[in-house]
Amino acid sequence: MPNEPDKWFFDRINRNLMQLHAIEEIVYSGTTKFQKIEIIRTGAFGKCLVLDSKIQSSDFDEFVYHESLVHPTLLSHPNPERVFIAGGGEGASLREILAHKTIKRAVMIDIDEGVIKVCKEYLPEYSKGAFDDRRTELRHEDARAYLEKSKESFDAIIMDLTEPIEEGPAYLLYTREFYRTVNERLTPNGLMAVQAGCASMVELLNFSAVYQTLKSVFPVVLPYQADIPSFGGPWGFCLASKGVTPPSPEEIDKRTAARGLALRHYDGTTHQYMFSISKPLRQHLERQTRIITDKEPLYIYGQGR
Amino acid sequence: MPNEPDKWFFDRINRNLMQLHAIEEIVYSGTTKFQKIEIIRTGAFGKCLVLDSKIQSSDFDEFVYHESLVHPTLLSHPNPERVFIAGGGEGASLREILAHKTIKRAVMIDIDEGVIKVCKEYLPEYSKGAFDDRRTELRHEDARAYLEKSKESFDAIIMDLTEPIEEGPAYLLYTREFYRTVNERLTPNGLMAVQAGCASMVELLNFSAVYQTLKSVFPVVLPYQADIPSFGGPWGFCLASKGVTPPSPEEIDKRTAARGLALRHYDGTTHQYMFSISKPLRQHLERQTRIITDKEPLYIYGQGR
Amino acid sequence: MPNEPDKWFFDRINRNLMQLHAIEEIVYSGTTKFQKIEIIRTGAFGKCLVLDSKIQSSDFDEFVYHESLVHPTLLSHPNPERVFIAGGGEGASLREILAHKTIKRAVMIDIDEGVIKVCKEYLPEYSKGAFDDRRTELRHEDARAYLEKSKESFDAIIMDLTEPIEEGPAYLLYTREFYRTVNERLTPNGLMAVQAGCASMVELLNFSAVYQTLKSVFPVVLPYQADIPSFGGPWGFCLASKGVTPPSPEEIDKRTAARGLALRHYDGTTHQYMFSISKPLRQHLERQTRIITDKEPLYIYGQGR
Amino acid sequence: MPNEPDKWFFDRINRNLMQLHAIEEIVYSGTTKFQKIEIIRTGAFGKCLVLDSKIQSSDFDEFVYHESLVHPTLLSHPNPERVFIAGGGEGASLREILAHKTIKRAVMIDIDEGVIKVCKEYLPEYSKGAFDDRRTELRHEDARAYLEKSKESFDAIIMDLTEPIEEGPAYLLYTREFYRTVNERLTPNGLMAVQAGCASMVELLNFSAVYQTLKSVFPVVLPYQADIPSFGGPWGFCLASKGVTPPSPEEIDKRTAARGLALRHYDGTTHQYMFSISKPLRQHLERQTRIITDKEPLYIYGQGR
């Protein structure tokens, strides 16, 4: 018994479900202007970035999350050059984007400079120098306000945000009004991707509402998912565009090679796994009627949980 | 705070990870000749059958588990008539098997009569009368000994067993020796399916060892997975045969209709989701060298955990 | 690991502290008109009566609680004949009162008839027939309203109430206004006792505020405590009177014998343990300035916790 | 919910009972030659010294523990000059001892130099310079071997040890053989004190066995207890001597003043609280038949738990 773990991180999935992670070390703990931030080394997943008590990334499976968020969108575009990222403080989405040889410019806006400082110091292997890449423009301001006043067009826009919590920094980046702005800032062949929360059948409000909200704006919206064990199960994403759809699995593998990518998670078969949504999820996603708006935003605490 | 759940079931995934379920009611609690048995009503998943502290089935997602275990195998066979089930005390695998109009005989052997009694009384909606179907032959003895001395051949053999724990009732039903017996009892077009434990990247020993052990016996072995939230994430299965492989997604949907099945989880698209194994899992499964034998059985507690 | 307890009851002491009890059985679970009620059999303390998620009594140490609440007061009175009890649904305070041969009448008012029904059925060894004693008058109404309109005088008044929680059934029985009514209903030599919540140094708001509130009404107020392990540590009580004080330890033992009592916890030495308040508690109790009133009642959730 | 504590330290009281402490910070975490050592800042008790997963001291109540361990013994001696301490790595027992103006020499032996280093750096307010006092002789070796070969006599010997766990550093300092050595090293008016583990009715094996083992060696053995909330409830101690007993409460207060002590917990009334053992504890202590010997040592994990 003396050797059993004695310190546990409680990750609440919902009111009736928690995942407990054995804590080996609290590498960093602090508060930024916007949120509580911690780097916790867990026994199961290594170092985890934790914002406002929710795990954002872990050593063990951050490659699954970041490859899933970035590559379906970038490999669906024949020649992506300009990319916009909202959030993504670890720098790992940026790292995956810059790995595409075609990329000429990546504008990343994360409102919370504090998160990036901590990640640079404690998780440098996540960004692998991406912040210092000459193609990167990093800004700390409100991503929505920036896009609203920008005249630039992007081949891809990646939403790597924390979940929408009341008074949190991200909840107004999940609304129909914002998605319309995103649509305006995309080139005709452009695509957007968004992480959309838990994709376990037991907790689908966020995923399904984001999906329906995107459908109210974009002609093409494809939901997909991948298992992220440190998040407690499958995680949802959506890809949206004005018309472009992903290529075949074979073409995915070809483009991956042509772009010089060395991927650990995403390939043609993984794409089929991620984009083949099982019947009960499909039904749940289609039956959702909730549209997220500025007036009626969605908070995962309280309403969803 | 007074309204927060105050009673929790601790499901240990491994040494460093637990899933906690809010308990609403302990519907039944007892001990059979072979194991501890409980029916716990949880806040997230409704009634759960719990054997030796592991959730076996829940109201919420038992259809995912039982459809995933049974239908890929039965729909891969053009005309299954005779089926053998080892384990499956809830009667839900039997229910799914008997739903195929082609079935003429189903032999189910669950060593633990106590489990079946409790399930009949407290979870009758799981078996839906399957135990009383005239095609069913139910026996309480050792499934391995039965198959070893039997001369009968089966179109499908379904392994719906508890996980292999030391001195538990099932650990000798996961070995190469036993799989050879299964192979001998299959018709030339016959297939077998086995539930193979956790399929989360964080805990793959059982899944990968079962996969490799089957590969040492059968010419065709296909690993697949489906998310079962009440089990804490994706769950692994293997389909094995002397040569038969699953039909195309379109053919799956056709056969489902032709057999008169009304499925909630499994269809052609779900098949693609389940049988498309993501890259890191594929690598882990292929790299496993452990073969489970009578002399060196696998226990998920201790060794795996 | 399979033999480790897997079901736990979470008892929140305060925001930063919880006691977890292994659950062996949920003997009863329901809701009365006033509160959630459960009988939980725990591994450490046997059956526990739990109201609104707080343990009220356990097989293991209910004798400590009920003897501590009743006997210091009754043995401080030379000849108690008439006693009033507010709360005390288990019937165990009543049991201890009726054990005094001098008692001629015991009026017990517990607003929650549902609690008494459940206790009679599932915890009959707590009341040991006390509800059927011809000296008992049991009523289900508001104890405060009853005392306000009553003209009867009592030798002892025992407050065996649940803790004051917002909208709970008891919070208006902890106020100065109510204690004044109690004072009016006591004979000149009468005494009252009240359970006053946690007496651990880490959580003294309730105990100290009840103490000071009583001091604003009664000339004599003596705080005392006893360790009740199932409650998570030492528990506080107050004895109050118009002038009477407890006798010497020797006299306590004499009166105990003379009254025909067979006590397991309380005697002269235990009295010294309970009424000798350690220095930091004494200081905390004396320094408290909070007086509980109808207008500013105390809730242990929120304010105290 | 986002503001609820999300990191918890699990303190196992026994198989069926745990106390959970909200973690604010892991100030230090490491391993010495002998044990795992951590300084954890908890929400309820401030910084806690944790050895092998058991809390040894906390900011909140270390004064209760250390005053309880040291002063009953030192104030029972009319003029203590020479004191021996086994264990006590925080330096707080040493601090309390040196506060007595009469003390001329304090020999402290803690086998684990690593603990003292960490405490000096992270908990300097516990030792308050006591390690640098010219009266202190600090040694890192086996306390038992030292006393066995020493010829020196002491007025008081203080056992401030971790609990006896298998292969832990302290289990051979709780045996009858060792207590005989202690007896030989005491002056005729000398006294010893030992912390004796949990004094909650629910877990009395350690306390009662230490008590009975001391009684097999010393003519006078007095058990006493004090509530230490960070330890999860009341904690047990024993005072033993060749004949000396504690003075009256009034004399305790007089000697405290005469020695120049400014105590926060211990005084005459606190003494009565601590040394008045409640009836069920008394009975349990007296009925224990277990004597701890070198051949049959006591381990609190396994046997006791």
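Chains: A, B, C and D, in written order; residue numbering restarts at 1 for each.
Just so it is clear, a residue touches a chain if its C-beta (ideal position, glycine included) is under 8 Å from a C-beta of that chain, and two chains touch if they have at least 3 such contacts.
If you're wondering where the values come from, they're calculated on a predicted model, not measured in any experiment.
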Neighbouring chains shared between chain A and chain C, ordered by label: B, D
Recurring contact interface, reference C-D, options A-D, A-B or B-C [over half identical by residue number]: A-B
Intercentroid distance (Cα basis), chain D paired with chain A, Å: 52
Distance from chain D to chain B - Cα centre to Cα centre, in angstrom: 54
Distance from chain B to chain A - Cα centre to Cα centre, in angstrom: 33
Contacts with two or more other chains, residues of chain C listed in rising order: 4-5, 8
Chain contact topology (line, ring, star, complete or other): ring
Touching pairs among all chains present in the structure: A-B, A-D, B-C, C-D
Chain C-touching residues of chain D, taken from the complex the two chains share: 4-5, 8, 13-22, 42-45, 60-61, 64, 200-202, 226-227, 229-230, 232-234, 263-267, 269-270, 272-274, 276-280, 282
Of chain C, residues touching chain B in the complex: 1-2, 4-12, 23, 25-26, 29, 40, 52-53, 165, 301-302, 305
